[in-house]
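First chain A sits with chain B, and in the next complex the same chain sits with chain C.
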Partner chain A sequence: MIYEGKKKIWSDYQKDIPDDHYFYVRSCIRQTFFPASEAAFLEITRNRLGKDVFETEHHTTCGGIAYHCDTIPQETSMTIIARQFALMHKYGYENFVCSCVTSFGLYCETLEAWREFPELKEKIAENLLKSCGLEFAVPKVLIHSSDLIYKYRNPIAALAKFKLVNKKTGKPLRVVEHIGCHYSKMFPSKGVGGAEYPYVLIGMIEAWGGEIIDYPERRHCCGFGFRQYFVQANRGYSLANTNKKFESMEPYNPDMIITNCPGCSYFMDKWQYVIAEMNHKTYGEDGHGIPVFTYEEVAGLVMGYDPWDLGLQTHLVGPEPVLDKIGIPYDSDAKYKGVNGKNIGKPEEVDCIK
Partner chain B sequence: MNNNILIVGGGPAGMEAAGMLQRLGYNTMLVERSSKLGGHLAAWDRLFPKGLQAKETLDRLTAGINGVKYFLDTDINSINILDDSFNVILSNGITILAKAVLIATGFDLFKAEKKEEYGYGIYDRVITNADLEAYYKTGKSDTIQNPKSIGFVHCVGSRDEKVGNLSCSKVCCATAVKQACEIKQRFPEAQVYSFYMDLRMFGRYYEDLYLEAQKKYGIRFIRGRVSEVSEKEDKSLLVKAEDTLSSKPIKVSVDLLVLMAGIRPAEAGKRVGRMLHLSNEEDGFFSTKDTIRDLQMSKIPGLFFAGTCTGPKTIPETLNDAKSAAMEIDEYIKQNFPDRK
Partner chain C sequence: MGKLYERLKLDYRFREGFNSCINCGTCTAICPAAEFYKYDPRLIVNTVQSQDDDEIEKLLKSDTIWYCGECMSCMTRCPRKNAPGLIVMALRNLSIEMGYYMESEKGRQQYVLTKDLCGSILKYGYCVYPRTFKYETHKEAGKVWKWEEEHLDDVYERLHANLDKNGPGAIRKIPKEDLDDVKRIFDVSGGTSRMQQVEEDGLEKAGELGLTEEEYSEKVNTECKIDHFNH
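For the complex of A and B:
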């Protein structure tokens, strides 16, 4: 591997990420999959870094899942998106940051379609006015929330209490990074580092002390893929994809996985259980799986947040091996206690994976 | 009255035309921006279809320009079109008044790193056709260490809308087959794969070369484009492709991958073209006066083309094109300057 060659490509794919003043829209599925990630994003950007990141309760889903499943017309999807942008404009913002990679891809695709077909843009503006009474606007800058954490990776490192380093050996943790397809595979120039050797997550890991693993199936789909999973008959294909990735990364002994996509985080975490049940195989150490984290969770961990406040108890593969390696303290008894000590319920014990 | 002809570019086309024009009695001057003559030919080891040493051809071309005044490491600073001639200022400070100018600026190899998914410049064992030729020529390489399996990828940067080049580079198919046979000669135990879209073996003896590659050397030709390449733990490469004849995706592990980088218009040629406001076709190469008969003529009187600056050509085609250009220039001078000596 020629690191300088990668650096050259990374320098070719940099994008404008303003330092401050963002209108934030959430992901519909992340709030259920990894409920604390978005809260961590807002906590870190607003309260720790002092940035202006605004959100309104009036924003909605982007409609991406329905769009990619072919259940709503493109015009409807575009009008939903136009409404999101119009809300941004209404509240006086020009920079739009979204939490979901699929949303990001769809926003990019929509802006590109409007640029290519101005008559379509006019029609959507008319739809928006008639249906919502809102003024049409497009963002000056559109980014994904992982872009912003990438932008702030060094300030976060400066505030960090922990590094992604094995405290016993002193060696960097070995990290697999995985970006969502919709982050840059449709529009390589829209992603930090492009599509083939994306840098957005690598930049964070390098800044926070970890070591990146490049493995043969790095580019391969996580196993989500809308038509693979939402079409029930194709779910075996979804699982086979994930299995292929884990088989490929196994020889490199990764300590953890970081992703920037809700689907990738979810499927790479949950399918490890199914693989363990079906194949009696786990990919971590001593019967553990390989913990999968969102980038906000990793940022929160290095900054010293309580792992359970970051929602890591909602992961199927327990994060404890990584916490132990880094030396992050945690209270095992508090794992399934929510706000004010309320019991949030403990999952049924499984014996195929720790 | 002066008898000057200026040739821009010291590759095979420029050298061949220079030699002919000199023999026709013109005061021929040749400008080459690099430090030696020969262009890409000087960096090549053997030529398809018969495996002739590139050096033999280059030596003959060099012998042919005896008497031609040439300037190495020299750029064109400016060209002004006068009433019946061209005023050319060179980067070495020399000014030339020429009756005719021949553009023979050649081509650049496609920058294979632009096909990011193939990993040139990222993975240690991904090389280009030019790198392999350099190995054949010198016998030295840090990358090529007794490979057990080798892959060739055709059409890298050619017929590829994604990189903005829809045209065929014409010479890569035959080059790939030639290079595949040569690597098999050096490493007889190696398994050699050739990933192609379709093989354009159009020239005389080319089909024989292709059959020999299959029958004598056992090269495995796989019809399908490579989608991506990744590096394995042991530095070998995992190549993903589609075998379109069996309609199946395939994965092949190789120790060495050779990318057949295609032919693109030379950047240096484009610069000269801008000075003269020359038009280009969609493929980026210079437009000729027409597309059937006047292939060596531009739309500017006294300005001519030779070689690959007007599109991909084999070496024999390039040399023929250069000879034609020389004849066209001779015709032009005779018609427009009948009193010349």
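For the complex of A and C:
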């Protein structure tokens, strides 16, 4: 009963997500490893849904990874963030959308600290003026880019060419959703559905025809751990945590994984390959891994974009089993081609995982 | 109340993340680091709560504070609204300020982290940047990354990125004036002096060991001599 009550409180809670007019900032990890996802986000919001999502080349990293590797003082990351907000203000926007869960958590932490400690806010405003000559401002609304796709999940469903349904059996695809710790574990009220019942990805999957899997380690960290990945000697931490999640989800036979955070997408894809190399174990069917997708990739797939336009050729775990189940056409010969079919070779074969 | 505890109280993360601990162990139960390393966030919070400077000093000199992955799972769960993850960040900051981090294997890793991440931010405007993310040191990224690395411009063009070019877009060239802003931010906010300190500490240690800068980087990046693990 208590469980139901808690669930209800969160399902009644609505995060404020304005319909339009956003200042967009990119993610270091998403633009490095999933640049086509950011392109899909802008294509869908701007060109298909007609929204105003503005980007300037003058924004930079938020410094989040450096901050969470404890290499820069809090004041440094806060002043970099103040600069991003000041650019938003300068270009006439008050809604701020970021493409990274680490950034989103850090922006939330920063705004919360400024609210709680006004003297800190003043210090940062002073730093900003001194270093960049910019006027201090805070956004009226701060969201993660998945919040916007969540908001538009039904309009996207209305435009969709495909559903997350197995074409042969007629059954919904079984989907593992992974939220990313910094989306709402620190400040539950800042995420859709909070930390206990984050609904941001569930909403998308349900709207697009899939079925969500609950499994014991659903909320466990992907294992990034910042310094636990960036230092070679520590990488076992990252691998061990991803392994724990896959062992836990295996009995539930997921067809695919959807992620909120680009870091999680990277680790859940790459570590499957390492587990296959080390333990000779794969978690999908017939030697395949479980394909991992960003939410932009999933939105793009249901809307009928070419899988290679969405960058799925750069995943270690091949997306083909999911494409086949849904019935999404693809040209295997074009998978690793450059623009206009340019031949740029292809990756060496890997035999431990498909 | 000791001097180190007073120093910790100056850190906003400590002020935000520390109330009072009832030693319930919930943070430890949820913690991914506690499963992998000999690590117990409950004990860390309790040590800090004791306000015993000798104990806090031991902690600041230990590998322990470097085991946390800063996932902040503990922050959601603590019944007293503590955030062990934020307390750890304040401890790490103080450990670096005091120079104590040089006394632990994991602490000394700050040398490579600081050089790589801050260097990347100041040079390119990104924490992670594809031309410096090498297959050779990231074999887990697989043969597909090796192929991407060999054909970076073509692959990124195919993926609609704007690699190293002017104007907006993924992995664009961030204009010089903006990188200059970031450099000045580092200067006024303590980022530059932190970088210098960590570099000097590392080079001094390298000198003591008779190692070149590269050899020292390689050593701290890969060395794992101590049994850190929770078997």
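One rule holds in what follows: the second predicted complex is superposed on the first by the 338 of 354 C-alpha atoms of A that agree within 3 Å, B and C clash if a C-alpha of one lies under 4 Å from a C-alpha of the other, contacts with A are read in each partner's own complex, and residues count from 1 in each chain.
By definition in this document, a residue touches a chain if its C-beta (ideal position, glycine included) is under 8 Å from a C-beta of that chain, and two chains touch if they have at least 3 such contacts.
The structure presented is a predicted model; accordingly, all values stated were derived computationally and were not measured.
Asker: What is the contact status of A:T294 with respect to chain B (first) and chain C (second): first, second, both, or neither?
Answerer: neither
Asker: Mind working out whether A:I65 is in touch with chain B, chain C, both or neither, as first, second, both or neither?
Answerer: second
Asker: Between chain B (first) and chain C (second), which, if any, makes contact with A:K8: first, second, both or neither?
Answerer: The answer is first: A:K8 touches chain B but not chain C.
Asker: With both structures superposed, pick whichever of chain B and chain C touches the larger number of chain A residues.
Answerer: On the superposition, C touches more of the residues of chain A.
Asker: Looking at the overlay, what does A:P216 touch: chain B (first), chain C (second), both, or neither?
Answerer: first
Asker: May I ask you to decide whether A:Q74 touches chain B, chain C, both, or neither, giving the answer as first, second, both or neither?
Answerer: A:Q74 sits against chain C, while chain B stays out of touch.
Asker: On the A-aligned overlay, A:K270 touches which partner chain: chain B = first, chain C = second, or both, or neither?
Answerer: Second partner only, chain C.
Asker: Which partner does A:G105 contact after superposing on A: first (chain B), second (chain C), both, neither?
Answerer: second
Asker: Output check: A:T242 vs chain B and chain C. Expected answer is one of first, second, both, neither. What do you get?
Answerer: After superposition on chain A, A:T242 lies in contact with neither partner.
Asker: Per the definitions at the top, what is the overlap between the chain A residues touching chain B and those touching chain C?
Answerer: 195, 219
Asker: Considering the complex alone, what residue numbers of chain A touch chain C?
Answerer: So the residues of chain A touching chain C come out as 26, 28-29, 31-32, 35-36, 38-39, 55-61, 63-66, 68-76, 78-80, 83, 105, 112-113, 116-117, 120, 127-128, 130-132, 181-182, 185-186, 188, 195, 219-221, 223-228, 230-237, 239-241, 244, 270-271, 273-274, 308-309, 311, 313-316, 336-339, 342, 344-350.
Asker: Which residues, counting only chain B, touch chain A once they are in their complex?
Answerer: 113, 116-117, 121-124, 228, 230-233, 238
Asker: Touching chain A in the complex: which residues of chain C?
Answerer: That would be residues 11-13, 15-16, 32-33, 35-37, 66, 69-73, 75-76, 83, 89, 92-93, 96, 106, 109-110, 112-114, 116-118, 121, 125-130, 133, 137, 140-148, 150-151, 154-161, 166-172, 174-175, 177-179, 181-182, 184-191, 194-195, 198, 220-224 of chain C.
Asker: Going by the contact rule at the top, pick out the chain A residues touching chain B in the complex.
Answerer: Residues 1-2, 5-6, 8-9, 194-197, 214-219, 251-252 of chain A touch chain B in their complex.
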